[in-house]
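Next come two complexes, and both contain subunit A; in the first it sits with subunit B, in the second with subunit C.
Right, the complex of A and B next:
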């Protein structure tokens, strides 16, 4: 039954999340050094022992490990993801605020990269060995080979500094101080980060799609379609594209999750106040509770992307029938 | 030879596939004609060039294939037609039932829709009319409950049913010429029998090139039979003459290898299609080969009424 299948997927996902929570907890406790001491070193030359004790008590570090684990686990489930040392605010609140800004650049970049990667990759694979295929393939290999941080810097240098087409960084102009946040102004600031993220992501989708199309183009049912008298474009559109896209569903889902990681340096370079920059800042000051929270939210996004892929797959491939009562 | 104008005439067809190891000569100066309404069986073992010949007629081989010669269909050379003109012939005038039934239907499209697509393309029927035509076609190839099966995806079809669906697809536009590539391959004896019956039932008046390695199937359906070996036709003639009094040592060997005729396999294996033997291609395996067979390449010569063979002994 479909409901049973979905329920089972959700159960597996919940288990996966539970494991990530455990790992996040373990990382914190098995990492060398004590983050409270390190944090206090930034404030005091020598931290007074009573202050250290007070911090340990507030963060629950004086309790037995097993108790800490269960209270952390329970806390995560109840929405208490800890308290950020550097922001002096609950981790979840900080993350939630930054996640919105990350989505502002990640969503358009991902959608664009998927569409362009699939269309160009499909065409390239269909026209395998042709001049246009080789030109596209080499262009994509070149793009992939460029170190991404360097590419981001060059884009910033050329389009923002020399050409002055876009702002150098940030997410709003100074005018926002007077007039509030203007969506157009935000999009103007977001253009370069989106473009950069798109360039990172599009090559992967292109490769996968081209490869998948190479396989599909050699299938017998493509010969059948040709033997019917269909023209090449119809064969590509009606017969090849959908089959070639089947393996893409899963990889696209993972690619979306990968974008979160990709956003770290893009946001850092473009001073975009999202989750990526937050990660970078948390790393710099060793805000461990915040890093834990970011790890968890990343895991959660990967899990959600996977569930989405699992649910979408049976819709595009009739051979995949979910559960035992799928036959109608 | 009959004087009737052939429907399809293959002249000097040579097909080569460039590979890293050299040119694979899959078909060599093949001459063949298919007369209106007749079924010609093309017999030969795997790799003899049967499928290549069939695919070359519809120009369905890979783009880098080297093709020489002429394929005349109703007087027009198919090899010199534009791709657009060729698309009007495929499926409408000449249809094919591909081998590998398991993979020849698109797994993500409903079987009925795949058939309706051809109906729409060549017969101009749209929507519900095309679907109805697809159901009729499935019914014609004896698919049980065709209206329901038309809405199913190929993975719900058994091997025999897929074969039938592919035949229905090929018949969608009543082609004058049908190429059937190993339609009985991989089927159990009962299903094979049914498919052969279906073939004799659906094809009155239609010219058929029946590609097979199954001598029994050829004997059941064909009027004439052509035997291919290493890319060449080595014997061609009326089915009775070729199967009851074969001339070429290879044809004799094939018949002798049948279970009911002693099951004596031909010693050795087919030559590499990249480096072919200089003389008769069968000479390395032939028990009757003499010195001349190893040096000179024999031509097809007439050995009986409408019966030709490629052997030195008849030169």
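Right, the complex of A and C next:
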């Protein structure tokens, strides 16, 4: 049953990746206008036809479409994700380099958001209806309604521009030219982006945890525990918390997609050199091969997060031999 | 709880003010939003109450005109998204079986593709104006809405009154339109408000990333100009802050309205939430 479930999930993931590859392919090939001509017009004012032809031959754009599709698909699987025209480097190399920097801010922000979301959400749900709960809830609704780019911009203006506590952007200071990259310096630069992403994401985990806690608090086994005469703290720790945390695991995958979106805005505002800012720059110069690669890597990230959630779930909840009914 | 009722009317009022501003933009804005109206980067004064940008365009006029784009993006996108989600959800939940299975598996696959990067790619592909952007957002958002409506319809489809109507010989189309749809409408309404809020924020985000319609004034492009052309380094708050503040207020109002509306139609939630 479990093996079948995982197999099916892998199949969906493969299908999703296949669709991403297909969309990426279609983007370049069915786009109105000729991409090569447009690109060359940035270099020459009028692209000479023989050079356009030469480019088309080099990139295989003169072959039948179906042949191009299969060769692109095969290439993607073999790690050939195309060639970025604006970076003059293979797409996968550019993405690999930027992915590291994105993970530097996304991972701490996600972990922090999950921990804080669980703790505060659990407290809020347990004390439902109390003044603190209402204040927290309204605060989170408020925070959630603020667009991420606006939040990032305000945090940048306040903490970096007016208070001068943190650098205005980038990932290292000028001193890195002489002394090399100093981890402390990087952390100083990463603090505001991480904080912004954390704020952006904590509202989601809080809300989920609070709802889950509300459900759990009404369960019979909680009433039983109370009837046994256990004190509130023990009930909360031993009975409510662990059960209420279960839905959080499945939210990891969702969180990942949200973080990708958030990082595009946050990195652009803070000039943090990760995938998000790469996306912004690729959009700006319409570097289509790079954008294709970004769509593929984003899809892969979500797939990895999905698989991770699937693998973690039975560890957290031994009852579940993850089956069909579990989450549909 | 009286607080909810108050916030219901206040937030509704704020949304109405935005709509009015959008409607009467030509009368409210003192300048043409594209015209050169004075000296560039001028701080606020009597003529330009929010100063001017680097192209010497009046920021207040652009702000007023930008309301239109925001509301179109939000409400048109939400209308499409909700229509698609409701239709898909009702069909999937009512027929069940193979139809449901096919739709759900299709969604399983689509949900794995992160929607915002996909939206960016599609936006480039269709080189959209503002209406196309709304359609694209609505389409991608609608896919996510299907599940929520479906889960409601699943229980409705086996409810006594539906089974009874079926026994009387009513057709599927009739039952879906006359008996299922009215029962999910309140949920659809809530979804519409939250979708509108979401799409306004996302649509302006697209403008900020340079994917806006250059022929239209939108707050996202205003923020982009301000951040990319030196607004932060020079600390020109009247250039940086107004468009973002405008969308934040609107987003807050819609969120509050959504929650208050949800409470009204579902009194059980009040107990849950409070």
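In the analysis below, the second predicted complex is superposed on the first by the 307 of 328 C-alpha atoms of A that agree within 3 Å, B and C clash if a C-alpha of one lies under 4 Å from a C-alpha of the other, contacts with A are read in each partner's own complex, and residues count from 1 in each chain.
The rule is short, and it goes like this: a residue touches a chain if its C-beta (ideal position, glycine included) is under 8 Å from a C-beta of that chain, and two chains touch if they have at least 3 such contacts.
A quick note: this is a predicted structure, and the numbers were derived from the prediction, not measured.
Participant: Determine, for the superposed arrangement built on subunit A, whether subunit B and subunit C clash or fit.
Facilitator: Aligned on subunit A, subunit C fits beside subunit B.
Participant: Looking at A:150, would you say it contacts subunit B, subunit C, both, or neither? Reply first, second, both or neither.
Facilitator: second
Participant: With both complexes overlaid on chain A, does A:303 touch subunit B (first), subunit C (second), both or neither?
Facilitator: Only subunit C; A:303 stays clear of subunit B.
Participant: For the superposed three-chain arrangement, provide the angle subunit B-subunit A-subunit C between C-alpha centres, rounded in steps of 10 degrees.
Facilitator: An angle of 80 degrees, rounded.
Participant: For the overlaid complexes, name the partner, subunit B or subunit C, with more touching residues on subunit A.
Facilitator: Result: the larger residue contact count on subunit A belongs to C.
Participant: A:242 in the overlay: touching subunit B, subunit C, both, or neither? Say first, second, both or neither.
Facilitator: After superposing on A, A:242 lies in contact with subunit B but is clear of subunit C.
Participant: If we overlay the two complexes on their shared chain A, which of subunit B and subunit C does A:229 touch? Say first, second, both or neither.
Facilitator: It touches subunit B, and subunit C stays clear.
Participant: Regarding the shared-chain residue A:213, is it in contact with subunit B (first), subunit C (second), both, or neither?
Facilitator: A:213 sits against neither subunit B nor subunit C.
Participant: Check whether A:264 is in contact with subunit B, with subunit C, with both or with neither, and answer first, second, both or neither.
Facilitator: After superposition on chain A, A:264 lies in contact with subunit C alone.
Participant: Using only CA atoms and the superposition described at the top, report the least gap between subunit B and subunit C in Å.
Facilitator: Between subunit B and subunit C, the minimum C-alpha distance equals 8 Å.
Participant: Can you list the residues of subunit A that meet both subunit B and subunit C?
Facilitator: Residues 129, which sit in both footprints.
Participant: Spell out the residues on subunit A that touch subunit C in their complex, using ranges where they run on.
Facilitator: 12-13, 15-16, 19-20, 23-24, 26-27, 30-32, 128-129, 134, 137, 141-142, 144-150, 153-154, 156-157, 161-162, 168, 214, 257, 260-261, 264-265, 268-269, 279-280, 283-284, 286, 288, 291-292, 294-295, 298-299, 301-303, 306, 328
Participant: Taking the complex as given, what residues does subunit A use to touch subunit B?
Facilitator: The contact residues of subunit A facing subunit B are 129, 219-221, 223-232, 238-239, 242-243, 246, 316-319.
Participant: What does subunit C use to touch subunit A in their complex?
Facilitator: Checking each residue of subunit C against subunit A gives 104-105, 108-110, 112-118, 120-121, 124-125, 127, 197, 201, 204-205, 208-211, 223, 227, 232-233, 235, 237, 240-241, 244-245, 247-248, 251-252, 254-256, 259, 272-274.
Participant: Tell me, which parts of subunit B touch subunit A in their complex?
Facilitator: 55, 58, 60, 64, 83-84, 87-92, 95-96, 98, 100, 103-109, 114, 117-118, 121-122, 153, 155, 166, 169, 172
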